[in-house]
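Each of the two complexes below includes chain A, the first together with chain B, the second together with chain C.
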Partner chain A sequence: MIEKKRNLWDWTNSINRGIIYVIIGIVVILPILLGLKEEVQISPSVSSAYETIESLDSNDVIIISIDYDPASMPELQPMLKAILRHAFEKDVKVIMLVFWPLGLPIGTEGLEEVAKEYGKVYGEDYVNLGYRPGDRAVMIDMGKEIRNFFRTDVNDILLDSHPMMRNVHNYNDIALIVGLEAGRFGEFWVQYVGSRYNQRIVLGVTGVMAAETYPYLQSGQIEGLIGGLKGAAEYETLIEKPGFGLTGMAAQSWAHIAIVMFIIIGNIGYFMTRRK
Partner chain B sequence: MSISTSIWVWMAALLTLMVYSFLYKDNPFYRLAEHIFMGLSLGYTLTILWYNYIIPRVYEPLFLPPHQWSLIFPILLGMMTFGIFSKKYSWLIKYPLAFYVGGYAGLRIPLLLQSWIIRQVEASFLTPDKFTSLMSSINAILIFAGLFATLIYFYFSKKREHGFGAAAQVGIVFIMVAFGAAFGYTVMARISLLIGRMQFLLHDWLGIM
Partner chain C sequence: MKKRVPLVITFVTGFIVIISFFIPHRPFGPLETDTLIWYSIILGFTLLIGVDSLVRLHVRQMRRRKAGWWYSIVFFAGFFYCLVIGIMSVIRTPNPFQPGTIFFYGYKTILIPLQSTMFALLAFFVASASYRAFRARTLEATLLLVAAVIVMIGRVPAGYKLWTRLPGIANWIFNVLQMGAMRGIMIGVALGAVAMSLRLILGIERTYLS
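Up next is the complex of A and B:
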């Protein structure tokens, strides 16, 4: 039996995936280890998200909805912290609520960390309502009275005990909703609250969801869109507070270059072997 | 370099490495980490649901004064879904499902029409305010052309020839660009997750960064 001689192009078509993993690992780890920095270009969608929060007055109340869990934490947690820093810097009051059970501890951790940085007082400057199941029903009913579903906060304290909540009853008292989304809840905010109650909404979404969320921005149903780690890095740049979003950008770019190279080499290999 | 002394950081780091060991091949360490994750997340979710839903929404309104007896009907309706676990009583699930499907469709269809169709079509109109600058003009024309060509591509009641066929071909190009954008964002998202873990391992665990 004559064994077919394999050339370089055959090799590109059957490359061991372990080699790809190692190369991707190296191009991600090296920029982090070397502390490489990269400037990011601000996209109009993130800029409009920033401008929307920038336009709020002090003492305005916003809702931040934590609709993600640890699996999406690397992308959405930097967004949460950047938005909280921006809001607290402007003395905007924050209500945090959670629709993903596993999002509760990470949302709470982010909120407490940033609130401490800015010396904010629980109950006066921010409140954590915690998790409630029933997402869409909760969203709709909050248009009548937030207390229908959130009689108490995450610590089981009555909402009326908190000074900042005394005059907050429904969406008429909320200046903006910021949804941080790893699933379909952003869509629900737009459809059940934006359309129905004419509520201003900004969404921060995972990279996977960004492309499908753009139509909401283009049609004016949301006022800003922050997409993936890149979006978080852009927001950190805008508020001039570098965080994990920006430190990951160099690794992101190098990994993208490596993947583009893999795609090019793989395609050339495919066409070269097909010609034979 | 200051390695973390927190047992929780060590545990998280070791679990991360155990999960990544799957990249080499399936192994007992990976399966252990997977099972720990499944068990923990399920237990955590159940506990959260119990204290945030069953206690305040079912137990307290029913058994503590003032008793809201009317809640018995939706609770019974909900409990009928458990009929699915019995061959004899599986028909019971039809009633809560009928309520759910009917109610949900009634609630969702008008909102979907509003946000997916009416607002999107409205946004694609070539109104004068879309032509304020060169870039916005190009964007407006591209969006209009893309919507038009893509809709033509999904129109199957006419033979694809001449101008109609050409428009459908343009539609394919727009669809491919949309797929490419979605794939690009997906790659970015997956790499972001890897970066997040590497930052955790190098910063929080090993204290190198």
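Up next is the complex of A and C:
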């Protein structure tokens, strides 16, 4: 049997996946190791998220909902830190709660880290309510009384013993909800809390979820949308505190270029081999 | 009796939740609160059913020595680690996930790297799949290919450096073309959910009883 000799076009039409993996690995790792930072253009959706938090008064109370786990951490953790920095900078008080049980430690770590940076005091400037099962049920009933589901905080301390919680009972006392989402809970916030209680909402979602969340922004059901690592990088730019979002953006930028180059090479190979 | 009781429970709870949306006053408001708390408690117990099912599955696999049965040993190692260390941490502190606890240490050194690694692998698969799938074989495939390339490049800083108007075009694809299709899908799904909910509440749909 005579083996057909592979020419350049055959090769470009079927590049070994190992080569693709190695090149993607290099373009992702190198920018992070070198600490490269890319300048990002601010999109209207992130700008409106920023403006919403910027419009809050000091002592306003916001809820940050941690609805993600370590798998989505590279995209959503920079968002959490950037939003917390913005909120604490403005002396806005923060209540954190969690609907993904595995999100509790990373949320707590982010909250404690940023609170320490700004010298904030637990119970006076921020409170961590922890995890409760029941997502939609919890969201709806918090509109009547937060204590129906969160009688105590994550450390089993009664909510009323925290000075900042004494006058916070339901959504009437909450200026904004920020949902950081890797699943469907962002939709639940909009459908069960936004529509029923007229609550202002800003969502931060993973890159793949941005497409399905955009309609809520256009219809005005949410006031801002931070999409993926790019959104996090934009927010870091807006608050002038560069973090992992901007570093990760350089890696993402080069990875996208590499993928597009592979697509172009593949198509050239496809057309040249088809001609023959 | 076996069928009537669940049907009555479904009808009554569904009715209470719908009515209390429009009339959030006594007696419907407090009734809704109770219903939602029950839902949360029942949801907590469903975790136990999940654990039971998972343990049974792995015990069965180990007994029958099915292919890859030794992965079940890894499962049991992780399961008992979480159970024992979790209970120990709960006894010591109200929040076992508190930084500094042994449970948190396991979470940080085992779970975070494992989950992050699994998710990071997607980058390699997406790159390889994009190279193979995005071929201009037909007109539709070509349109998909062009849109994908514009969005991929337009959404990163390199796109702006390449051509300043590229991010605008990518946003237009996102905000107009994509959004129209997505909104249609979402409205369709919502109408389907309303219809299915009504069928469940009125007892027309009974497959959940079997």
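The rule we apply is simple: the second predicted complex is superposed on the first by the 276 of 276 C-alpha atoms of A that agree within 3 Å, B and C clash if a C-alpha of one lies under 4 Å from a C-alpha of the other, contacts with A are read in each partner's own complex, and residues count from 1 in each chain.
Keep in mind that, in the parts below, contacts are C-beta pairs under 8 Å (C-beta built on N, C-alpha and C of every residue); 3 or more make two chains touch, one makes a residue touch a chain.
What you see is a predicted model; the values in this text were computed from it and never measured.
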- request: Pick one for A:V40: touches chain B only (first), chain C only (second), both, or neither.
  value: second
- prompt: Given the touch rule stated above, what does A:I259 touch, chain B (first), chain C (second), both, or neither?
  reply: both
- request: Please indicate which partner A:A211 is in contact with in the superposed arrangement: first for chain B, second for chain C, both, or neither.
  value: both
Message: Per the contact definition in the header, classify A:V190: touching chain B only (first), chain C only (second), both, or neither.
response: first
Message: Per the contact definition in the header, classify A:Y270: touching chain B only (first), chain C only (second), both, or neither.
response: second
Message: Contacts for A:I29 in the overlay, against chain B (first) and chain C (second): which applies, first, second, both or neither?
response: first
Task: Considering only the touch criterion stated at the top, classify A:G220 as touching first (chain B), second (chain C), both, or neither.
output: first
First, second, both or neither for A:G130, with chain B first and chain C second: both
Query: Of the two partner chains, chain B (first) and chain C (second), which one does A:P163 touch, if any: first, second, both, or neither?
result: neither
Message: Does any part of chain A touch chain B in one structure and chain C in the other, and if so which residues?
response: 21, 24-25, 28, 71-74, 102, 104, 130, 132-134, 196, 210-212, 215, 218, 230, 252, 255-256, 259
- prompt: Taking the complex as given, what residues does chain C use to touch chain A?
  reply: 21, 29, 32-33, 36-37, 39-41, 43-44, 47, 93-95, 97-99, 104, 107-108, 111-112, 115-116, 118-120, 123-124, 126-128, 130-132, 134-137, 145, 148-149, 152-153, 155-158, 160, 167, 171, 174-175, 178-179, 182-183, 186
- request: Could you pull out which chain A residues touch chain B in their complex?
  value: 18, 21, 24-25, 28-29, 32-33, 35, 71-75, 101-102, 104, 130-134, 136, 151, 187, 190-192, 194-196, 206-212, 215-216, 218-221, 227-230, 244, 247-248, 251-252, 255-256, 259
Statement: Note: in the complex, chain A contacts chain C through residues 15, 17, 20-21, 24-25, 28, 38-41, 43, 69-74, 102, 104-106, 108-109, 112, 130, 132-134, 137-138, 140-141, 144, 148-149, 154-156, 196, 210-212, 214-215, 218, 230, 249-250, 252-260, 262-263, 265-267, 270-271
Statement: Residue set of chain B touching chain A in the complex reads 23-24, 41, 44-45, 48-49, 52-53, 56, 107-108, 111-112, 114-115, 119-120, 122-123, 143, 178, 181-182, 185-199, 202, 208-209
